Every structure is written in structure tokens, then in C-alpha cells.
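In order of appearance the chains are A, B, C and D, and numbering begins at 1 in each one.
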Amino acid sequence: MELPYVVVIILFCLGIYTIIMNKNLIKIVVGVNIVESSLILLLILISFKLGGTAPILDRKYELVVDPIPQALALTAIVIGGSFIAVMLALVIKIYKRYGTLNVDEIRKLRG
Amino acid sequence: MESAVWIILLPLLTAFFLGIFKLYSDKLFYSLVIVSMVIYLYLLILVINDSYPPKVYSIGDWGLLGINLMVDSFSAMFLLIIAILFITVIIFSLNYIKVNKHKFIILTYVMIAGIAGMVLTADLFNLYVFLEVSSMSSYALTAIKKTDKSIESSFKYLIMSTFGSFFILLATILTYYLTGTLNMAEISLEFKSVPFMIKSTIMFFFIFGYGIKIGLVPLHAWMPDSYEASPIPYNVLSSGLVMKSAIYALIRLLYVIFGVEFLTESGILNIGVFWGVLTFIIAHTLAYQQSNLNRLLGYSSIAQIGYITIGLFLGNEKGLIGGSFHILNHGIMKGTLFLVLGIFYYSLKADEIEDIQGLGYKFPVLSFTFVVAALAIVGLPPFNGFVSKWLIIEAAIEAGFFYAAFFILVGTFLSLTYYLKVIIKLYTKTEKKTLIEKPDLSLKLPTFFLGSLCILFGIVPSLPLSLINNIPKFLLNNSEYIRILLGG
Amino acid sequence: MTGGKVVIYVILNMLMIFLLFTAFFAVFTKNLLNSIITLAIFSAILIVIFVILQAPDAALAEAVIGAGLTLAFFVITINKTKDWQNE
Amino acid sequence: MSRVHKIFRKFYKIGLVLFLAIFLLFIFDEIQNLDIKRYLSEHYISEGVQETGAINLVTSVLYDYRGFDTLGEATVILTAAATLSFMAPIKKVKMLGTEFTIIIYQTIIIIIPFLVVLGMNLIFFGHISPGGGFVGGVILAMIPILVTITYGITFSENKLKANHKSLLEGIGAIGFILLGLLGIFAGSNFLASGQANFGLGNPGELISAGLIPYLNLMIGIKVGAGLATIFNSLIKEG
């Protein structure tokens, strides 16, 4: 197996690990960002063909990489960006109300 | 089939126009809400009537190169739920919502568009996009009260649901990698040559991802919190449409892409039935301990999802009919309960069990509606919940799952205990309470409408069943669905 | 493979390793600000990888949204929360 | 007791993640050995330029073959902007409270025209070169964002009011759908541009590719206004 796919898997699992293990809200959002990046990287990797050119056909090319995953990757980037914006707004709101970013303390304060 | 695409476009267009009108004129805003609602109802009826045999609408006229929408009986039943719940909720919330009313209505329209998109699309990535549209508006509606609890539960919901989305996206990417296409029919044909192990892995990712959105038991943690914190009209839509659209998408994927033979072979049907039993037993037990009525109804929703899961995972005709009918019925029954609760909250700020003591004498008709819906959800004749539960039990016996049939009866008794607790409290005499605000007709009318549907569908179940009976034709035998989608 | 392609292949793999380092650092460092800055480097490496993998559209989008805006959102959040140390 | 329990839970979660990693490694290894089919993308590559008129195939997939996805993701941005704007408090808050030197204030004014040109270039040449509505829209959104960072939120909101931004956003979104409806009026289906032969022109020229440049413009307006709203709401937060 090639190294890039291994990197994708490690990044995916690292992000998942961060989301379920970390106590800091901002770190959780960082984890979300990393998982998302890994999935986008996976999309770009499956579009790539060795020796292919970018899918901009200003003249005839022999081998062109797959355009569909790249379009899906664009969609995924935009959706991910707006999700992270909403998450961070909620993080700020939670900090203003509870005065902490630690998940355990928030749970404690809530009783 | 031009009207199929309008089912998605009209709410979107309405939401965008409302976003502009809210800046300038209140009068224009509300008239647009009403007008578009009426047109939407007409469109939905048009499409539902025309749903058999299934129709395909190709966006951009690209055929198999682009995105296709498909209306079959399963999606038509969902459109029926949208028609019933959406109208009642919009009328109800015009008077009920006090804070951020404009935003509430706009986001509700966006959410309906997302759900309609999920229901109609026959493209894997398009399904993911519309799933995110409906989820994003769900998070917003959960946080709309801006209290501590609602912000926190919205964050919890957002994180858990995004976690699920990752697995759905991963499975979608892997599917594209294996098959080179995103059209469900073509995927299904290509999947025949994919090895068993890889197919079951992709299926596991789909089930895990959608399981979080549905709220099956170990993955349900976000749900009661979000019910407690969000406005009640949203709870109606959440229990009736948001959760259900996730289970719709899962069932559509499993039966169409993987096919029922693979499901039997891989044993996922047994796991699904077992998971459903586990879900409703635990959820009923947890519901009994709640003192907040919203949380109680939330756990009850999870339990009902358990029944639906059993019905849909039995893999026979009767199970699919019963499960689908229960989706419709649960939307109506839970809607009634939440709307009555909403009126109590509106007039007395009552949302704990203690608070509603003696209200049975103050609001006799409303309380009667509550009792009807509660008995229906427990599953007593002659209400609609009984019919669908009975169908599920029959199907379970037919498929040889005797333990599931037995535990459904046990679950009925468990749910009877806590609903009786609430009903008894409702009719216990207490000293007079002062009303904060008198509920007017626009709040009561939708409630009575939903309550009467509970009785109507219980006495004349053939009315919706004539639509639902066609569902198994295209799910159990996916070749028919594939043939139509491929344009044969 | 010709000589140029081998060089690009080696560079790609090196960048992948760097990507892993930055991701691990962003997750395990105690200081939130460091974590966010590392995330920016992470995105930058990702952009170069996208360009090498012949995806200019995705690289542009990642540059403006992933590295640009998301980073700005993170910085605002840190500025608003002031809880820099991760206890 | 509780401490043992805690450690157990921690290792249980780590074990779960490790299991997932090994499982994924195994599956990816299996998948690599299969032969893969790509007839859909091969069709796009061989026929896409003639069918849609855009030489950037990513744009042609994004705005023509799968234009419905783009409508969905634009809706996601709109929803996010609406969410953040209702969550932000009404009162004005200073962000960093820092003062910059005169050089920065002056440089921003010089940069703005360049940003306009760059953004417009990315939007209008989206079907010829990399870029497109999303990227161009973000570049346009950078203008109000930079103004907000340097001159403060009050000044920025005075120059471009929040209402105007949401008006622009609505116009972009409605414009996208109306352009899509043109396909229905032309006797084809929703969002048809290549299939309805809307002046596909010579691939590679600026005015070609049917509806794609106009769809790009609408998405650009909408994304720009939406992201500026999101940024300002985040600044006002708290």
C-alpha cells in the first residue's frame, strides 16, 4: 500500500481520537478540522492518476485526472468551513456562559 | 414530473425571499408564508397522487450523467408526513414563537427543503449534501432560544452529528472509488461484483453514521437534551421528520444499493432487529425516570424509533408496511403530544410533570386529545398506533423473531406505566392556577387536527395503507427500482 | 518513471510525513495558540499536496477557506475565550 | 475504584480508535487490489468540453452536471450565516482593541481595488481557469473582513450594513434558482444549460459555457455576503 493512504487513515483516526478524548472544546473543533482535511485528501488521492494532468482541457492531453472527486472535494471544503464557523460561534457562547472550555467542568457547572 | 423538483425548490425560494422581506415589511412576510404554504400543500398532493408507478426527474436533463430525483411510494409517504406536519407546525408557530420568529420560520423552510431533497434524491452525494442542509438548520433551530441549555445541547448535537457525517462521507467516497459512479441504481449493479468483506464494511459505516442521526441507543445522547432545550414546534418536526428522514435514507441505501439478499446473507437484519429491541427497552426504562415532560417524550421517541427499526429490518413485506406505517403514525401521535404540551407551556409555563397537575379540568378538550394521543402511542385499540404495532408484531412472528414480538408486548406495558403516570397527574385535583396567557384558536386548531388524525387512521387504516402497500414492491425487489431509475 | 517524476514522488512523501507531524503537534500541544498556528501550517502543506496531485481548484478553495477563513475564525475564538492554557 | 474505572474507559476508547485504524488499513489494502471502473469520468473527460462548453472540467461538473449539489452547499452557507447572525448579540463589541500604525490603514485602502479585480477575475474566468464562484466570493468577502479587522466593526457595519449583506445574499441565492428555472422555460429541465444549448460558444472564450459564468457570479455574490456576515457575527460574539 502507498504511503498517502496510510497518512489519510492515521489523520482520520487521530481526529476521531481527538474528538472523543480531548476535554478542551477548541481542541475538539481542531479534531473535526483534521478529520475533514483527511477526507478531502482522500478525495484528491482517488482522483489522481500517475502522470495525469489537471482537468483543465485547454488542449488535448493524454491522461487527465478524474474531475468528479475534485468537485466533491470543493463541496466538502465549503460545507466543512461553514460547520466549523458555527461550532466556533457556539464555543464562544459556551465560554461566555460557563467561563471555561473544559467539558468536565461544564458538566459539573450544569449539575 | 416537473412538480417533483418544485417540492425542493419552493421552500428554498420561499426561505430566500423571506430573508429579504423580513428586512422591509412584516405584512409581506406573513402573506408570503401563508401563500407559499398553500401552494406547497397543493404541490405535495399532486406529487403524492402521481407517485405510482415511480417517476424519475433528471436535473439538467443529463440522464445518468447528472443527478436524478425519483418519486416512489416510500418517498410519497414521506411527502405525506411533510404535508401533515409542516402545515400544522407553521400555523402553530405563527402565534407560539415569540423570540426570533422570522428566523424560526426561514430556518424551518430550509429544513423542509433539505428533508424533501433527502427523500427525493437518487444520488449518493446529493443525499449527503441535503443531509447537511437539514442538519445545519436543525442545529440552528435547537439553539434558537439562546438559553444556556439550548446552546450547550446544540453544540453536543453538532459534534455528535458531525461525527456521524464523517462516516457517511467516508462510506460515500469509498463507494465512489469502488464503482466510479454516484447514481444509486448504477452503484447497485456495480456492487454485485464487489467482495463481501468490503461491502459489509461500507454498510457498517453507513449504519454507524446514520445510527447517530437516528438516535439508536448507545448513540442517542444528544437527543433528549436537544428536546428539552428547543422550542416545541421544532420538537414536532424533529421527532416526526429529522430523525425519520435519517432512517429513510438508511433504509433506502440498504435495500436499494445492497439488496435484500445481501442483507440476509450478512446477518445485518438480525442485528437490526436485536438493536431495535435493545433501543426501546432501554429508552422506555429511561423515560420512566424523567420528570421533565419534553425529555420524557424525547425518550419515548427513541423507543418508537426502536419499533420502526424492528419493522423495517425484518426484511419481509408486512414488516416494511408496518414499519413505514409506524413512521407516519408516530409523526402524528408525537406531534399531537408535543403540541398539547406546547399549549400548556404557552399558557402556564408548565413543562415538568408536577406543573401539569389538575390541568385536565382546566382544558378538558385539550387534555382529552392528549389522552387519545398517549393511548395511541402506547398502542391501544382503536387508535392508529395499535394498527401499525400489530402489523409489526405479526411480521416479526412471520419472520421467526418470536423474542422481538414478545418484547414489543413488554415494551407496551412499560410505556403504559409512564404515560399513565402523566395522565393520572393530569386528572388529579389541585388548587386553581392562574393562566399567563389564554391560548387562542390558531394554537388549538392544529392540535385538534392532528389528534383527530390519530383516531381517523385508527378506525380507517386503509386510507394511508393504500399508499403504503406499494412500498415493499420497490424495496424488497430492488431490480424494479433500478430498472425505472436507469430509464427502462 | 523519469527523473523529474521521481523527485516529485519523493517530495510528496516527505510532505505527507510533515503533514502527520503537524497534525500530531496540533493535537497534543498544550498551548492552544500553538495548536492553531500549527493547523495553519497543516493547511499550507495540504495545499502544496493538492497542487502536486493536480487539483488546482481544490487547492485554491483550501487556500482561501481552509487556511484563510477557518484560521481567522479560530484566532477570533481564541481571542474571545482567553483560555490559552489547556489544563 | 472510580480511578480504575477512568483508566479503563480511557484505554477502552484508545483501543476502539486503534481497532478502527487497523480495520481501515486492512480495508484500504483490499480495495487497492481491485480493478476500478471510471466510465463516468471518462465520459466527462472525453465529451465534457463539448457538452458544457467549459474547459475547466471541475467547474463543469460543479455547475452543470451536478449543479444541484452546488445549490445545496450554497444553502448550507446561507443557513450558517443566518444562524450566526441571530446568535450574535445586538450590541457592538471591539475585537482586538489594538491600534495599528498609519501604514496599515493606508495599505488596506490600496489593497482593496486589487482584491476586487482578483475576485472578479476568479469568478468570471471560473470556467476557463481554476477558481470559480466559491473562491472568488471568499476573496470579495476579504474586503469587508479586512476593513473590520483594521478599522473596527462599527466602521465596517456603517459602510456596508448587515441588512444590505443579507439582501445581497438573498439576491445571489434567488438568482441561482431563477437561472436554473431558465432551463425549464427553454423546454428542458431545471438547471439545464449544456443540454438546453444556452449559447455554449467556443470553449475557452470568456463568453461561453452557457449559464456557467452567470451561476458563478450568483454563487460569488452569495458566498461573499454570507462569509462577511459570518465573520462579523463572530467578531460581535460575546
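Everything that follows uses one rule, which is that a contact is a pair of C-beta atoms (placed from the backbone, for glycine too) under 8 Å apart; a residue touches a chain by one contact, two chains touch by 3 or more.
All of these numbers come straight from a predicted model, not from anything done at the bench.
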Requested in this report: Using the touch definition from the top, list the chains contacting both chain A and chain B.
Outcome: D
Query - Chain at maximum distance from chain A, centres defined as averaged CA atoms - result: B
Report summary line: Averaging C-alpha coordinates per chain, one finds the centres of chain A and chain C separated by a number of Å equal to 11
Requested in this report: Provide the C-alpha centroid distance between chain B and chain D, rounded to the nearest whole angstrom.
Outcome: 30
Report summary line: Rounded to the nearest Å, the gap separating the Cα centres of chain B and chain C is 39
Report summary line: Between chain A and chain D, the Cα-mean centres are separated in Å by 15
Report task. Mark out which residues of chain C touch at least two other chains, giving numbers and ranges. Result -> 56-58, 61, 65, 69, 73, 76-77, 80
Report summary line: Expected list for chain D, residues touching two or more other chains, is 38, 40-41, 44, 56, 58, 66, 69, 73, 76, 79-80, 83, 87, 130, 132, 134, 230, 234, 237-238
Report summary line: Multi-chain contacts in chain B, i.e. residues touching at least two other chains, fall at 125, 129, 132, 136, 139-140, 143, 177, 182
Query raised in the report: Can you list every touching chain pair?
Result: A-B, A-C, A-D, B-D, C-D
Query - Residue ranges of chain B touching chain D (in the complex, touch as defined) - result: 2, 5, 9, 12-13, 16-17, 19-20, 23, 57-62, 65-67, 100, 103, 106-107, 110, 113-114, 117, 125-126, 129-130, 132-133, 136-137, 139-140, 143-144, 146, 174, 177-182, 190, 194-195, 197-198, 201
Report summary line: chain B residues touching chain A in their complex are 125, 129, 132, 136, 139-140, 143, 148-149, 151-152, 154-155, 158-159, 162-163, 166, 169-170, 173, 176-177, 182
Query raised in the report: Given the complex with chain A, which residues does chain C contribute to the contact?
Result: 5, 12-13, 16-17, 19-20, 23-24, 26-27, 32, 35-36, 39, 42-43, 46, 49-50, 53-58, 61-62, 65-66, 69-70, 73-74, 76-78, 80-81, 83, 86-87
Report summary line: Contacts from chain A onto chain C in the complex sit at residues 3-4, 7, 10-11, 14, 17-18, 22, 24, 26-27, 29-31, 33-34, 37, 40-41, 43-45, 47-48, 51-56, 65, 70-71, 73-74, 77-78, 80-81, 84-85, 88, 91-92, 95-96, 100-102
**Report entry** Residues of chain C that touch chain D when the two form their complex
**Finding:** 56-61, 64-65, 68-69, 72-73, 76-77, 79-80
